[in-house]
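Next up: some structures, all given as structure tokens.
In the two complexes that follow, chain A is the common piece, with chain B as its partner first and chain C second.
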Partner chain A sequence: MGNDSYRVTRRIFGVGVFGAGVVASSLAGIAPARAQGTPKRGGTLVATWGGGEPQACYVPAGGGSSPTFSSSKLFERLGNRTMEGKFQGELAESWKPSADFKSYTIKIRKGVKFHDGKDMTVDDVVYSISEIWKKYAAASALTDFAGVAAPDAETVVMTFNTPIPEFFFSSLLCGNVNYIVPKHVYAGSDPVTNPANNAPIGTGPWKFKEWVRGSHFEYVKHDAYWRKDMPYMDRLIIRYVRDPAGRAAAMEAGDIHIGVFNPVAPPDIKRLTGTGKFVATPKGYEESVWSTTLECNMRNPIFAKREVRQAMFHAVDRSFIAKTVYYGYARPGTSPIYSPNKEFFTADTYKTGFDPKKAAALLDAAGFPKKADGKRFAVNLLAAGWFTENGKIGAYVKQALEDVGIAVNLSVPDRPTSIKRIYTDYDFDMAISNQANPSEPVPSTTQYFTTDGIKKGVPFRNANGYSNPEVDALVAKIKVETDPAKRKELVFQFEKIITVEAPLLPLVELESITVASTKVQNHSNDPNYLAATWYDIWLAS
Partner chain B sequence: MQRLELPRFEFIGRFARNRGALIGALLILVVALMALLGPLFFPVDPLRIVGQPELWPGEDPDFPLGTDSLGRDMLSMIVHGARATLLIGLFASAVATVIGVGVGATAGYFGGWIDEIAMRAAELFQTIPNLIFVLTIVVILGSTLTNIVIAIGVVSWTPIARMTRAEFLSLRDREFVQACRAMGMGDLKIIVTEILPNALPPVIVLSSLVVAGAILFESAVSFLGLGDPNVASWGRLVGDGRLLIRSSWYICAIPGVAIMITVLCLNLIGDGLNDALNPKLRDR
Partner chain C sequence: MAGELASSTASPRITRGSSRRVAALRLLRRRLIQAVPLMLGVVVINFVLIQLAPGSFLELMTAENQVSDPATIALLRKTYGLDDPVWLQLLKYIWALMRFDFGFSYRQNIPVIDAISVHLPATLLLMISSITLALAVGIAAGVVASMKVRTVWDTLVSVVAMFFFAAPGFWLGIMLIVLFSVKLGWLPVGGMATIGGASSGFAAVLDILHHLLLPTLALGLFYAAVYTRVMRSSMLEVAQLDFVRTARAKGLSRNRVTISHVLRNALLPVVTILGVQMGTVLAGSVVIESVFSWPGVGSLLFDSVSSRNYPVVLGIMVLGSLMVIAANIAVDLVYMWLDPRIEIR
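Our next item is the complex of A and B:
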């Protein structure tokens, strides 16, 4: 994760968030068109997402979901992942590890042009990896990075100090903002403040035309795009509407064709799809699954005993949260690795299901019986105010904990205050926050639990101070285990330990929703659709 | 000596002559009774989830006003909310009045550089948009009931200060004040016992309007999600219901109407007080 991804939006806490699967060094071609009928060419597509305008069109460190959404149409990555979980090349044609897994050889695609007409070369790739990925986009994932070089005009070799699992490497190539940027634009400048960030030049299917601040981005078709005859449409507009109700109205009026990442309020989803003019789908979020988490601050001696932490989770009915707060667009969380993760999720973990009696018994046994006033102890519960749902969950958790005899003082601060209190000041006993994780657990998931994840002032890391040598050692092993089967076993072990220890667990896994007009074809066909290039989208008449 | 010496019945008579004010006062009395006695009828914490979410008013006899998006009893929240809302209004108005009268009286009575400093300070406060100022203070101090009261008080004192100062300016050189000075009375005593009672009537009217303004401020703060989450307040309820306005609009509408009626009544009472306290209107 980029150190400076302070902007939290619902999609990205992790910037080096990457994909999962088994390496397929297949030639990336045009994804199988699953369109109905022949794609229609031309026209303008208007898209939106369930958040606000970004701080810049492209932020090298990621900067949250909003700049990822706007920049991912203009830039491309070396690889991407299919809905079936296979890795495939995008700007790379293939990649393969050396025998000791300490270096990877990447074949670069030829005939790719940037929007300004210059050819993309291995120099651009070397520059992007060493100057952008290592320093910003994938800084926390590239801790063991040794170097990158281009032995010839179509090959790039990345070397590492330790063995790097293939899955980890492939995921890295597909990372959210691990783009190939033009060296001739960025070299010699500070990438963070380069003016090109607000009028990016990439290799993607869409070419930047205009940013009308407060309203929209206008992108036009990149005529020299390497995928032949793509994209189908002439223009792509990304419009920002502040309010979910406003987005619903704009979609109904036909002004916006597609909205990703929960563009409208849940009750409106049913209303819109009920008209027959819209479809809603949870597809396209498999590589960026969101959750709402509850954590116990280990700095408070009450939470030193793991029985107490387990009791907190036993006291809460996660199905209620999923059903009522999220209108069913969520499911109870059971493990730090989320259930859509085909590679690493296991159901064989310690379960802290809803059982207030067990919670009470655990608290009694841990030495916190009810006192004369019916209370065991008091906690400050902080629900991060960046999503309205968090406040509602806070209200429910307060009640649930009060039912087992814990006095709760709830606070729901706004976004900057929540980030400061949770991740800088550690000013909470229990906190409700959110995270989004890709399939690859290192480092996005693991840094919430390891000792080196405790970084004061860095948001979306280990804020509760949990430190366990056993977990640290296990994660160190996961990092370098190159045998996929053994690695999987190690991750399962990690899940088991974390669910028993319960420093932080997901309350619910969220189901993100894309709402689109039935006219929109070829959408939601990428496991991280918000960050996909959308080269094949088209609009039926 | 001129004093506020309206016979009590005459005062009530004048107040009641304004029909609107009378209705306003009666309705506020109902709200106040609700706030005082509500907890007797609804002893359970109003923020407890007690039923199905989003039950419409009348759908279930147990919840005459329905339930909100989490399944909390709307009626219970409205009744308990009256308490929070009125308390915030009254205390915020008290804070604003104390600051405003203190600053205004000092500035008006002493004049000179004290007046300059006080009025420039007041102008400084007036140039900052009120709502943004309130939000800033609440964000910095934290979202608790006390902080919200302080924040609203801090932004609402300036009109009271200016009004008090104007009254003091016109009164400080009157004969009765000069007589007091000639008798050797101290400044503080003159301010508190001689000028203030004469300056107070318009200030009281203004304070009653500040109560209404404070309720609106609190509603706005809560609507934006910065209210005290441990307290049921009407504004918070409107804010919670905002996303459901197309499907379950009653969640917004019921507390919205409650806020509207209360604020309207307070304004009517302000008019009534003005009629009753303003000697120039006495025989209109």
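Our next item is the complex of A and C:
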């Protein structure tokens, strides 16, 4: 089955800055699934994703991709981002900063109703921001939040202790689970344990009907949805199939129409698209780019020397990982800001490309020559077991490091153990982990490198202990710089420093894939499609 | 228990008439008394094993909720009783169990018994249907093979049994899906019922049976293969015994001898294995439920282990053990019914 059989297009968000490499060539020349003809109304769409059932339909703090997927069809955010990268209002009609950028005025959309028939008001917005965002959904981003108030029935004003860049604020309004929740349902309760989390009431195009645990969610059309005559379809089913082969079979049998976030194994992508009944596309993940990272624990004196850290990356062939482990659905990573990020990615950074000789020379220069047994030193490499690919990469990295004289003890613990060992116990010398980063680098990306990102027991932060006053000061400037051009330049500086320092760098940027029946129209049209509302999706006859 | 039963058959005490009922009740009482320390052992061992596993549900929960505030974490530890020493947590758990309180699943925000009871019927249905299939096919195939010993039928049965014995459940499940769901389109790929289909009445029953067929085959055919092999050898062994020869000498037909005399006695080893395998059928359902998206306890157990949702894991272990104990008691009673000469000690 050759590449000709693909019916997909790869139109990477922010393309052109960094070569798409292997993936681009394997998916080139393929048309996207786009709306064809007049949308058909009615019917049921069955969707799945490449993971398991959530712990709750809605988790105020996010809770991972699964509850984000299930809740994002029921709730809505104030803002949204288009595939072209523009911010647009969703439950907000508009927003604008004050002259000093310390407050933002948000005009709230009128005529929006919750699923229980009650009107959405500014009180719901104020409650959501102060009680849900600040405490759970966006706590790490709202460190300089001063307050929120509603001066009139259509306006909400958010104030901050420091100037807040417009891009940061707009990104905040579009945050994955920065929803507007009904105050009348959540006020006076613990939002984390509120029973409504398992049968949410939102403003979204889909209304919760049923959760058959272990099987599926059933949502029905929200008849009072504010977007006129939307959604097109009557029902949306989110079905959970644990096994990727089972998902592929269910799609092939016509039981599932669309699967997001790598629903099937790479060989099945080729098989399914080869039938002509399915399309596969990497579109729809531009605002949530995943990577597989390698980090060095600075608490180990060996890694205190920058040359040693650089050598670790020079010893590893990232292209090999992309081709072999990810079947080409990945590309080598070069910077802490990923290549699809058209605002902040720069290719002008220090390159830690595959060069074993350079790695050996750096290790020699750092004072770690090969001993009589051919080894320089030994490290414990932990590959986080939440993705099976991490274990395979771990096996390869072990070989690659042994080739330059480093003895490696590899372990691949399961998810809870990995989280504990990496983020609570710091029990690793090197770790293979994963990140999913949006375009706005603060704090999602920067917290892996700043001193204030070192928070014992909090995962997906700075676990390697890297602390550099220069980086801290730079990130502090990025946080408050309101001139877009100057801010971009500061982020470029950040990237240059981090690539030279190399405490943590991406090995590969992952190519997330959506697989859909050719009948499914208007899909993959949001840069964070897993978390989009899917209000305009429809099924052709 | 079944093992003890097998050894006791070496010195059977002959019982007859109404004394059989008394013996059965005595057995039931004895088994129930024995079940108490057994359950206690199950609870203690599982509790300790779970405590030994690295990572906790609290760590995972705070991770997923990005909670970093030490005061909040301390409050959560206190709320969930994790501040208590392990032995006190165990005692509290046992005390709660004695009041049929299986604890609370903080991850799902519902009582453990509710979390399990949502999934339990699906697993019981799958287990019962698989065991029924395994017994029916295994006994029938074993009888045929023994009656046609050293013929092409015997060889065919043996080869097919060996195939299903060797085939991993998950592989067999996927192959069944590919053949019957994807290629032929006869049966659904997974799930327990058609989403949005009939929720009650005969149509709903038919719909569930339609969904049940493939997982039942995937889980049951392995055990059918086991029973086939055991039944065949047991039939051949019993057929050599004196009382069978006597029955033949009395002029009874071959079928009458086989069914009334050989089959009934040959069933004893199958019944013994059935009791022993109840636990493995439950374990096997974890894999099969995953392949077929069957909304049973297996899926819940898998998720709960992955998320260190200890209360649910323990609850499933306790209920699973209770099921196995109950099944073994039933097997002992069936054993007595099959062979009236035996009183199990």
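Just so it is clear, the second predicted complex is superposed on the first by the 507 of 541 C-alpha atoms of A that agree within 3 Å, B and C clash if a C-alpha of one lies under 4 Å from a C-alpha of the other, contacts with A are read in each partner's own complex, and residues count from 1 in each chain.
One rule holds in what follows: contacts are C-beta pairs under 8 Å (C-beta built on N, C-alpha and C of every residue); 3 or more make two chains touch, one makes a residue touch a chain.
All of these numbers come straight from a predicted model, not from anything done at the bench.
In the overlay built on the shared chain, the residue A:Ala245 is in contact with chain B and with chain C.
Touch criterion not met for A:Thr281: it reaches neither chain B nor chain C.
Of the two partner chains, chain B is the only one that A:Gly394 touches; chain C does not reach it.
Within the superposed three-chain model, A:Asp414 lies in touch with chain B and with chain C [touch as defined at top]. In the superposition on chain A, A:Gly214 contacts chain C only, with no contact to chain B.
If you count the residues of chain A touched by chain B and by chain C, you find the higher number for C. On chain A, the patch touched by chain B and the patch touched by chain C overlap at residues 245, 413-414, 417. Of all residues in chain B, those touching chain A in their complex are 45, 47-49, 53, 69-71, 139, 142-143, 225-226, 229-230, 240, 242-248. Contact residues of chain C toward chain A in the complex are 53-57, 59-60, 62-68, 73, 107-109, 115, 118-119, 122, 170, 174, 177-178, 181-182, 185, 188-192, 195-196, 290-296, 299-300, 302-303, 306-308. By the touch criterion given at the top, residues 244-245, 248, 265, 267-268, 271, 324-325, 383, 385, 388, 391-392, 394-396, 398-399, 409-414, 417 of chain A touch chain B in their complex. Across the interface of their complex, chain C is touched by residues 44, 46, 52-53, 55-56, 59-64, 136, 139-140, 192-193, 195, 197-198, 212-216, 218, 235, 237, 239-243, 245-246, 249-250, 252-253, 255, 413-417, 419-421, 423-424, 455, 457-459 of chain A.
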